[in-house]
């Protein structure tokens, strides 16, 4: 684990993105909310938030960080479900992995909730959208417009 | 959580796949094994195996299962790193999620190990390759040849 | 931990109950579903299921068990929210603690979701409703009618 | 998860209460300390402290906090066992949930240790006694006298 | 992780040992039970049992196993505290690591409880005493007499 | 858990040591890196780092701390494998337990990886080498020279 003992705590945030590609028929079933397990989008949101808090347990060389914000939004789109996540902390290192873990686990939860409908769903476009704070400053993924579906700041 | 109390325990296995796309320069650095954090492929393998064992903690409606096998192989390819995973159990329900979680977390670990080289890496093609066992029988993803890099049975 | 090495695995189930008592105004707010954090009843359900799977980590002398079913139902009532839980396994020991942990953590999650509305909410009547299976056989708490709101078998 | 990125870290504390109601005969057995599993009160204390540290894993929208103090006291009373807990942190949000989780898990551990004596024990009066610190300031539950059995500050 | 999918579940057990060496003055303080944190021997016992249940989370290539028994005994001796542990399961692979993890974490807990008295305590002689069951059969460490302090079968 | 609410956060570090004693034939096999499970030294390093982050879950009265550095080095020696660990934080209490847990779990992982070669391996000399920071200041174990193999600061 990189030694960050001498880096001062600063405000840091990161946003990530993932996409769960599926057949139109699968999407239609989800829209009709007939899944007997519950609402996949809401359960995915909760699972993503919970997973972000356990990032340092999953990723061997990640530092444990006192997260000050995590949110996940899952939105039905034309060919699947788009997942956006955001994490923030005040700490000596960044939260890129926390945002990516949130998006990944939310997507995997959607797969789990809907796999009886379609085993062939595919998780794709899992990437970092933006990070701010820290010595290296701001990074914005080229070609990503400010997404309409991104988790609003200040929401739960 | 679906009630599987009356399903008999049977042998079940699943394989999953993911791909971490990166720039040629990033790949070259990884090949030269100059990462001061350690070997990303080996650390990713361990992280994927460890994560598979915690699948039921990450995915809210997954059943806890006594896994009898998990393995992950990460292989340098032309445009990135290909991750293959396998999980097996003797239980009343399948291990698709365990294989997918292993592939996802191994991929995220590669991202973490190499993010100082390239923040724009993207995880893609995270899907189920095959599952066997259970009432619904065998599923093989269309178009996936038996991969050369898949985790050999009986290996650690 | 009691040695259950020589007890044969059998089918076991348990149901538990809890009640979160609150002011009428708090209940009205929840009914109007204006909580910016999400739907408290659904999030409580997920939290209770997830916690049941971690019972042996929380309760020091509990055996780890491969749960075959967990469900939680949270229902708005006259003076608060009633929580019902059910757990099942095929194993050498019972799942009373898993059902009780599910009901307790679901209730605590409701508290967390609504504490900005009312800090004085109280969790009460957390008890075992029924257990079946095992050498000691069936136990039914005196005075508990078969509840209408209990988790239906076979649901998620 | 509510965004607390801009709230300054301040000293915060919370106390919670729970009661495990049981038959006089059960209480007598516990008093005689003949439980072959160990001393239920001491094991409950340890379980409650350990659980408080995992609050953010159990309660989906709780922030992870670096706790600076947790303690639990379990005391034999006339009709059962009274559990008092205290948690403290220096952070941007409060520790009410940590104190409540500690009291709940300590109570559930008492149930587990003694359930062979009496399955009908009931956990009740699980509530927040007091919280201090933070923008909303001090809250004291009406009608709760400063309890004699409350965890002393500075104790382990 | 070694593939044990085709190994039948059989009864397996293991015992481990550790020794926490300390100064006579430290031992005397522990004997007088004046530790304000609680009784170190009892807390160590609970910590060791709890850790055994998490062995597959700590040791990367360990299989998750449904433990049917774990116990730990910590005993004051002439030059320190002797820790004995026992684990058992019915599964396809052995519980040596579970017994060793229990003994190690119990010893570390004793260190934690008493480190204010003596920082120089040393954990030593952490080894497997015996394992039974499985294809390789019984192993008994040469030179270890059947210890008087070993965890009795059937105890908690 | 000791109340550290009023102790100011300061920089703290600790180093620990362990030794896994084994037969020359076992050491030779490890040197030849023919272990089908992977490189035991590297896997032990990762397991030790991961375990340090979970210290407060394993040791009941340990405070959760935001670690700023953990590293483990495992080195082949004449009669076995020497394990050195280092942990650091900026917090109100020390990281001795984190360093000791890292060394212990790395050693146990070496045992797990090599136990098929030799069941009689023994973990010994698990002790604190040094701690710095905090009110009690620096402690250096008498007789421990500054080890050549100790984890270099600033490494992963």
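Order of writing sets the labels: A, B, C, D, E and F. Residues in every chain begin at 1.
We take it that a residue touches a chain if its C-beta (ideal position, glycine included) is under 8 Å from a C-beta of that chain, and two chains touch if they have at least 3 such contacts.
Owing to the predicted nature of the structure, the values given are computational and were not obtained by experimental measurement.
Any chain bridging chain A and chain D, meaning touching each of them, is among C, F; the list is complete. Repeating the A-D interface with over half of its contact pairs identical by residue number, the matching pair from D-F, A-C or E-F is D-F. Across the two interfaces under comparison, A-B and B-F, the one joined by more C-beta contacts turns out to be A-B. Taking each chain's centre as the average of its CA atoms, chain C and chain F sit 40 Å apart. Per-chain CA centroids place chain C at a distance of 19 Å from chain D. We define each chain's centre as the mean of its Cα atoms; on that basis chain D and chain E are separated by 29 Å.
Residue numbers of chain F whose C-beta contacts span two or more other chains: 2, 37-38, 43, 46-47, 50, 54, 57, 60-61, 66, 155-156. Interchain contacts (touch definition given at top) occur between A-B, A-C, A-D, A-F, B-C, B-E, B-F, C-D, C-E, D-E, D-F, E-F.
If you check the complex, the residues on chain E that touch chain C are 11, 13, 46, 49-50, 53-54, 66-71, 88-90, 153-156. Taken in their complex, chain C has these residues touching chain A: 35-39, 42-43, 45-47, 50, 155-156.
Listing the residues of chain D that touch chain C in their complex gives 2, 37-38, 43, 46-47, 50-51, 54, 57-62, 96-97, 100-101, 104-105, 107-109, 111-113, 115, 119-128, 131, 139, 141-142.
The touching residues of chain D, counted against chain A in their complex, run 1-5, 7, 56-57, 60-61, 63-66, 91-92.
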